[in-house]
Every structure is written in structure tokens, then in C-alpha cells.
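Please go over the structures that come below.
Next, two complexes with chain A in common: one pairs it with chain B, the other with chain C.
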Partner chain A sequence: MPDTPTTTRTPAERRRHLSDLATRAVGGVVVTAAAVFLLAPALLTIVLSFSGDDRFNWPPESWGLRQYETLLESTDWLDAIWLSIRIALPVALLSALIAVPAVIAISRSRLPGRALLQAAGVVALIIPVSAFAVAVYGVFVQLKLIGTYVGLVLANTVLAFPLALVVTAAAMSRVPVELELAAMTAGAGRARAWAGITLRLLAPAILAGCVLSFITSFDEAVLINFLGGSGQVTLPKAIFDSVRFGVDPVITAIATLLMVATSLLMLIALRLRRSGR
Partner chain B sequence: MSQTATPAAAVPSPPSRRGGRRRWNPTVGNVPAFLMVLPLLALVVGLVLYPLVKLTIDSLTQDAGLGNYADVFASDATRKAMVTTLLASVVVTVITVTVGATLAWYLVTARSTLVKAVLWLAVLAPFWMGTVVKNYAIILLIANDGVLNDVLSALGLGRAQLLYTTGAVIMGIVYSMVPYAVFSLYGVFVGIDQSLLAAARSMGATRARALRTVLLPLAMPGIVASAALVFAISIGFYVTPVLLGGGQAPFMASVISSNIFGYYDYGFASAASVLLLLVAVVVLAAALLAVGRERLMRAVA
Partner chain C sequence: MTADIALDIQRVSRRFGETVALDEVTLQVARGEFLTLLGPSGSGKTTLLRLIVGFDVPTGGSILLGGRDISRLTPADRSAGMVFQNYALFPHMTVADNVAYGLKLRKWPKERRRERVAEMLELVQLGGYQDRYPRQLSGGQQQRVALARALAYDPEIILMDEPLGALDRALRIEMEAVIRSIHRKLRATMIYVTHDQQEALALSDRIAIMRHGRLVDVGTPERLYEDPGSTFVASFFANANLVDAQLLERRGDGRARVRAVGSEFECRTSGPVLGRPKLALRRRSFRLAEPDGPSIPIRGRVAETLLFGDERQIVLDVPDAGRVVALMEARTSAVLGVGDDVQLHVPRDETVVVGEADPDQGA
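What follows is the complex of A and B.
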């Protein structure tokens, strides 16, 4: 909205111009402050990951790759990362296996209550997670799943598959039913039409859903505290336990690597969703 | 957008049908459809619905039975934690939605690609760091020997105790929630016709007035939906109150977890959890009534 002031102005116009300037200034300050607030912790962590000190110091007394070397030599951290990956992979797969058939059925059938079902899928995302954790804890105690690998995969799937559901449903709404119909008039059965048309068009979104579910599971930090028992230490749990007792500088290196990995994965997911359009 | 650019290649080869009888109907029957949603149904019923029902029953029957609730209300520490959690979540919601709406509005309207890129980077940064790491990063920033205190003392303002306060927890939860608010409000603002604002301004409205009387009413349902979600999620935060609040600023989540694992009082913990859930359900139901299911769902995704 170009409001370039010209020569003569009535007082009312001047007031209006001043008011607009003030509004823009307030907006500019809020946005700048918000951007700094959101970026500062991330940038600080990345900078500090190249500190050469053996404890947290600001500003660092020396620089180097010490944190990364310590990380690679530490079996505890690497074990935690490995466990998180071992949980997140089946979670990503399960999420797709649950979400994809459900989305196709919900959009291509007249099943009663199908809209409600889709809403129920994301319920776990919007209820207070610590209360939900207690609820799952009660069931896991009953089923003796506390501290088990299977239990963690199941619990993380509950939190992760809604993302696959949402992403796949968005893509499914763009798959024209006429194409399936065309395939069927050309002689394909319904299964063949789905495999040849629907699933192919959904493939990028399905992969994106897998990536997002993987990230969600890898990052899960609340349920693990209630369900992990003492034996299962995932990466978020290991960092959580460590931060409770102080700031271990090695975490800056883990955090930086995580940021790089997550941003790459998210960009891939975004690319996949775009390419599906 | 070229929505359906590729399909031609995907159409399978010529008709090779056995029987002639063919119902060209892409609609799935209810039985196969039910089988296809069965995994989802099983997961939601088995690991969401059943746990929540069991939690509610347990809170009424385990340990002290109904007395669990009496214990929760009788405990000063828990009452205080509940008040802290609710008040802090209200503050979090107000800040998050205000900041999120401003960011989303600039993301929609900014003309400079650079500004947009930096803002998207800022919004995505908390996501990229992950749940625990972002709290760790905030500790580096606000610790007594951290960067912010260095800046403060360099300005001659002296050092302040920032970490392990309710304010730190609020800051941490806002940091986690702003991206969610931005995503849902971005969708709301994109759907609003910008020319309406231009029209208001051409008729003499100031920028502020155009935003208040044109944009705000149009965006209100989306803002309400977003605020309700931010609040419901905020009251359940566990990692942030423990790491940034420490023992000094107990929130419900820490009370609940210490009752399970510290005092082995599952009855008490389940009653406290049910109360927390009730608050969330009431707020979400109110939002549902106010703006409808579709808007609330859109705010989630």
C-alpha cells in the first residue's frame, strides 16, 4: 500500500499518516523482537558447539571441534541416538500403514462417522500431553509394557501418525475421483485403480508423512519419562536427564547436528508435498 | 496451481476384463472401508480412548477412591501448582497468539523475499531444535552466567535471576508454541481478501483501524481456535516446567509426575490428570461451539 505523502495535506490527513507510521513501527518492533527471540537460542547453540572449553563458558575461552569429538567418543550418547532411530523407523512405517488406508477409505466411502473418525485421529495431539502420559502409563502398567521397546513404538505411533493422517488427507483431497473412474472404465479393478492412480499420486505425501512421523517420534520427550522405565534411554530422555543436573557442552554439538538433520528432513518433506501438487 | 498435471502417465494399460458385468463405481462399500479404517480405529480406541476412560475410572477407584480428588484439592502445593499452570497458560496464550498473529500477518503481506525468508527461518527454528534442545538453548541464553545476563550487566543493569522462575517457563512455552500459532493463523490470513483492507484504507481508515475493524473480525474465528489449542496444549507441558522452572516454579505436570514416581501415589496423579484434562476439554469444547469443528480442525493441522 504505497502512501507516499505529497505536498499539501489537511490536518486530518497528517493525523492519519502519523497514525499509520505508528502502527507500522509497532508492528515492525514486534516482528523484529519475535524473530530475534526465536532465532537467538538456535544461533547461540550453534556458535557454542564450536567452543573448545570443557564446560559452559560465555564467551568461550577457546574454539574448536572438541564437543563433536567428545560426542563421537561417547557410547552413551550414540546408544541413545541409536535407540531413538530404532524406535522412530517402525513408528514412521506404522504411521503410514495406519493413515493411508484410513484416508482412502474416509474419502472414498460413505462409512458412517467417517468425519468423526478423522477428527478422533488427531485428538492425541491436542490434549495436555502429561495427562495423556499418565493415562497411557496406567494401561502400560496393566499390560506390562513399561520400559519395553514395543511399548515405546506403540506410544510414539499414537503421537506420530496424526501427522501422516493430516498430510495424506490433504493430498487425497487433490486426487480427482474421475481418474480412478477413468482407470476403472478402462478395465482396471478398484485395487488396480488405487495402486496405479491413487497411491502413485499420494506417494509424495505418504513419504512426507513418514518423514514427519519419524521426526515426531525421534523428538518425543514426555511419554518416555512416564513409559520408558529405567532401561530405555532415548536421545531426548538422555538430554533431559543431563540438563536437569547442569549444562553439558556436548549437547550443543548434538543440538547442532539435530538442527541440520531435522531441517534437511523437513525440507525433503516440504519438497515431497509440493511435488505432489 | 496446476493440480492434476501428471495423471495421464499413471493410467494403466488397455482394458483386459474377464467378465463383462462392471459397476464403474469408485465409491467403496462400507465393509471394505471399515476394514481399511480398522487399524486407525484400533489405535485410537486402544491407546487414546481406553487409556483416558481407564484413567478416569482409576482416579475414582484406586488408592483413596473419590478421596483422591479431596486430596488434590486439600494439598496446598497442588492447588498452587494448578493456579500457576492455569495463569501461566493464559499469559502464554495471549503472548503466543499476539506474536504469532503479527508474524503470520507479515509472512502473508511482506513484499521482501528476504524478510519472508528470515521470518520463516525464525518460525521453523524451534521445530528444528526439538523439544528438549530448545529448552537447553534457552538455558544457555538466560542462565546466571549466560548471554542475556552478560548483556544486562554490560548495560549496567546488573545480573538477574531469570532461570528457574515462572517467567522462564512462560518464555519457554511461548517459544515452543509460537510456530503452531503462526502455522494456523497463516492459513487464516491467507484466506482473507487483502483488497478489503485496501478498500477500508481508500475510504479514509487508518492502518490500525482497517486492521481492527476489517481484518480482526474476519480472522476472529481462526484466532479463537488457535488460542484454545495453544491453551489446551500449554497446560500439559512437562519438559519446559521441569527444566526452566526447576523446583521453584512447580507446574501441574511436575506435580503429577512426582506423585507417580516419587510418592507412588497413582490415584492422586490420575485425579490431578483428570482435572487437567477436564480444563482442556472445557476450553476446547467452548471453542468448538464458538467456531465449529472445521475451523478447529484446520487450526490443528
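What follows is the complex of A and C.
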């Protein structure tokens, strides 16, 4: 068989092959470990939420829906969830209302300093929330917005709308300006071309941005401690408070429900962004 | 032609601050004519197109479409159809909805719309593609849909901005044929922007050559080839070699006695011959054997040969003239080897003397 290629390797080739295998093995171990570290607490929480005990035990002595029943009977918890939703909904809406015109200004106008505007838009994503919270606290004291619903909506919007901005801007970059121009030459007015073509194509991304802003606001645990005063108790605040006064196993049920709800919303946002492509 | 002018561009300028993107361009396009705006990038051809379609407003002059001044109207009020380089099909609409877009805005009844869409898709050879989405089509097919969309509402003028720029060579040639056949069938007035002179040659009734925001020359492809008028047109449009020439004696009949490439002879002149005179030698004018008619001998050394298939490119170092590029029949030119001292011949009636300056730049 003179034509078959020989399988003998030079020492250098063999070394490279071995180091290749080793690299791949190490990579696999690291990825697995990271996944376990990330997922283990979540899985543990879900398992614990089905414990039937009235305090933390591992492993639980009995199983059941006791935590979920306690949660549904407690008006404190339900009020907290309801307040979080009442804040997150207008935050999501406001985020879209700010993000869409901002994206138009950034990507379609000849406005001077557009790049600066875009950078300013996402600055809230970069500065530490606690620093931001202290600053807002100072302002809100002056404006008497501490402990008010309106104040919480405003502060959460500043924190959440950059996500809507980023998602919408990414979608906008995939909508060529020629589409609008084509609609206009075909006889559409500027407003109609904009709404019927560009806005229509941005819609999934705008919705995805709303969902992400909603989640950000719903899950917000730092600002509320500075700005909530004594009266406003959102769900993350309630969780903190409950942990401070001793550990109530009901929080495992809340955490589980939160995880499920957030995952579902994230899935929706992902789907929306995909469909926009 | 005066009675049948579709588009009348009168001294149109577009300035952006200090920069002059378009400098007093005057141009008439006849009804049913296919006119190409040809020029290198930055020559102002796309700026002119944007002014015609209404994406921009001229800073001077006016544009008349069918006798009506449209230069300050919105695009929607101009009755133009536009085809873009990136197709610009609406991705969320089917092919049929894309083509029907302008008809819907014009409130055509549904049945008539359906018929017109079918007719247009037949015209661009995409019958049966109504329900596809743009993403399911190839680049060439998408551009044909875009063409159908622009033609559907029967606009007074069709504008195309480098529509074949994103396609590969084979597809470009196929699309050129499609565009030609549509123009023949509909006799629509079409303005086509490109920087590719082959495309311009393949499609146009007339070609307007632009440079630095000015119109350098307008004419039929034949005329621009035979009588380029300036070195820019001769080199950019006809790909001619330009070698230094000396005007010995100018005649009144558009001929002159010149000295160039080491000999003295009589040949045609084109344009006013402003600035330094140059002899334009077109690449395909070179012959191995001396032709029957009067010819100019070109002596030089072969620097490079490159086979292009049917043709061979020969690069010649010619004393006093520099490098000269010739395209010759591949089989017969095989005798030319790199380093050979050779003598080629160019028929005298295929050459022309042009001036280095554009006539309108006044030297």
C-alpha cells in the first residue's frame, strides 16, 4: 500500500497534539465548574422551596407546598410584589418612550454630539448603583421625593432605560436608512414611511427593551434602600428585611417564583430580538 | 428633442458649507432615454441623483420633471421610482406586498393591485415568487423585485444608484440584460448611476461623465469613445493610454500634425486641446503587423504579459512615452516575450489628440 499516508508523527507534532488535548480537557473542566458554581445555588433554592419545614433545614425533614401557601396568605409579601410590578410597568413604558426618540436622534439625525449622547445614555450601566443611589438621594431629599412612588419610578427609569437604548440601537443599526427612502419615493409621507417601515421593524426590539427594563426595575435592590423611605416596600426590599429579622424559608418560594418569571421574560425578550432580525 | 424632455436639470448646485459637491450642472434627459451618470467616487453623481429623487435639496438651480419644478417637493410628490444598491426591500413584507407598496399608497383596488404585481413580476422574470420573503431570494432576485417595486406605479422617471454594485460579475451581466430588456419594453426614462464604464457601455443611450462635481461631457457611448474631448474622458471612459504629444501644426478641420512616440504624423484632434496635448492610444488598437491604412509605429520593450483568456495584456516600455498597455488577441500575441524589443502598430484613425485640461475648467 504505497499510497496510504503514514501515521507516524514527528516528536514536535506529537507534543502539539498532546498539548491540544490537554488544553481541551482543562477547558472542559473549567466550563463545567463554572456552570456548577453558577447553577448550584439556584437549584438548591428551588429544592428548598419545596421543603415542608418552618425553618431552614438541610436536608428538609418534610416536603410540600407549605412555603408557597405561606406566601399566598401573606399580604405583606403580596403587597411587596404588587408594588414592584406597579413600579416596573411604568419604568418599562418610560424606558421605551425615551429610548426610541434617543435612538432616532443618535442614528438618523445630523445632531452634533450624537456619540456623546449615546455614551451619556449608557452611563447609568457603568457607574456603580450605590454611587448613583447616593447622588439621587441627595437630589430627592431636596425635591421631597424620598419614599414616594413617583420618585421610585423616576430613579428606576434612569437605571433601566439604557438597556432599552442599547437593544433598540442595535436593532436600528440593522434597519438601513434606504428602506425609509424607498418608501418615501414610492409615495409615502415621512411620518408614514417612518411608522410603517422603520418603527414596524424596530417593534420587536422595543418590546424586548421594555421587558429588560421591567426586569431591571423589578429586581432593583439598592436604590430602594436609599429612596424607599419607610413606606415603600418592594419585593427585593421585603426580602432584605425578612433576612435581617431572621431567615424565613418563604423567601425560597419567592426566589423560585422570581427565577421562573425572570427566565420566562428573558426568553420572551430573546425571542423578540431574534424575530426582529 | 425640446418637446420631449422628461427631466430638465438647470444649473443645479449643491454646497455643503465650503465644499461644492455639485457645481452648476445642466443636463436634459429625453423621454424614454436611458442615461448613465458615470464618474469616480466623489464626482457628484450620487449627489445629483439624491437631488433628483428628493432626498436632498439643491442650493442653487432647479430640476424640472415633465415641465414641473420638483426641486423643492418631497420625494413622495415627485413621481420617481428608485432602486438602491442594497435593494432596500421591506424585509417584513412578501415580494407581492413590496411590489404593491406604491400601489397601496395610491389606493389602487385590491384586484387591480394583484394583477399589476403579477404583471410586474413577469416583467422582471420572477413570476410565481409573490409569496416569498426578501430573505429567501438571492441578491439578483432581490434587485429584480426592487426594480418591479419602482416600476409598478408607473413613475415618470426611474433612478438607479449602482444597483448592480453588490452582485458578482456573472450576475451583473445577467442583470444588465434584464434591465436592457425592461427598458426596451417599457421605454421608461431611466437614470443610472455607476462608476463602472463597462456597465455604462452595456446599458446607456447616453452617458454623462462627471468629475469633481461637474459635468465633463455628455454623449452617446460611440461619440465619447471616438471623440473624448479631454484626457479624463479618454482615460477614465475609454481606458486609453495617454502619451505626451507635440502639436506641430493645427488645421481648421479638426486635424493636426503632431510628434509623438518618436514619429511625426497627422491625426485627429478632439475638443479644444487645452493644456498639454496628449495622444490617446486605446488598448485594443495595437496590431502586430502593419495595417493597410496609415498607422503609427510604436517601438518598445515588453515589460510584462498577462493572459486574460481570449486576450493578452502587453505592457510596453516605450522610450519618451513611458508605459503603454495594449490588449491583443491571445493567440497571435503569444510571440511577444518579456524583454523583447518589438514594434507594434496603431491605425492612425483610431487615435486622437486631446488636451489635458477639461474644456469647462478653462485650463
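Simple rule for what comes next: the second predicted complex is superposed on the first by the 257 of 277 C-alpha atoms of A that agree within 3 Å, B and C clash if a C-alpha of one lies under 4 Å from a C-alpha of the other, contacts with A are read in each partner's own complex, and residues count from 1 in each chain.
In this text, contacts are C-beta pairs under 8 Å (C-beta built on N, C-alpha and C of every residue); 3 or more make two chains touch, one makes a residue touch a chain.
Worth saying up front: this structure is predicted, and the values here are computed from it rather than measured.
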| item | value |
| --- | --- |
| Touching partner for A:L201 - first (chain B), second (chain C), both, neither | both |
| Of chain C and chain B, partner touching more chain A residues | B |
| Touched partner set for A:V134, first chain B, second chain C, both or neither | first |
| Touched partner set for A:L181, first chain B, second chain C, both or neither | both |
| First, second, both or neither for A:P11, with chain B first and chain C second | neither |
| Partner chain(s) touched by A:R190 [first = chain B, second = chain C, both, neither] | both |
| Contact residues of chain A, present in both the chain B and the chain C interface | 176, 179, 181-188, 190, 192, 197, 200-201 |
| Residues of chain C defined as touching chain A within the complex | 53-55, 74-76, 78, 80-82, 84, 86, 88-92, 101-102, 105-106, 146, 149-150, 153, 159 |
| Footprint of chain C on chain A - complex, ascending | 176, 178-179, 181-190, 192, 197, 200-201 |
| Chain A partner contacts - residues on chain B that touch it in the complex | 1-4, 6-7, 10-12, 14-17, 22, 24-30, 32-34, 36-37, 39-41, 43-44, 47-52, 54-55, 58, 98-99, 102-103, 105-106, 118-119, 121-141, 143, 145-147, 150, 175, 178, 197-198, 201, 204, 206-208, 211, 229, 232-233, 235-239, 242-243, 252-253, 256-257, 260, 266, 269-270, 273-274, 276-277, 279-281, 284, 293, 297, 300-301 |
| Chain B contact footprint on chain A (complex, rising order) | 1, 16, 19-20, 22-24, 27, 30-31, 34-35, 37-42, 44-45, 48, 56-58, 97-99, 101-102, 104-106, 108-112, 114, 117, 119-139, 142, 154-155, 157-158, 161, 165-166, 170, 174, 176-177, 179-188, 190, 192-193, 196-197, 200-201, 218-222, 225-226, 236, 239-240, 243-244, 247, 251-252, 254-255, 258-259, 262-263, 266, 277 |
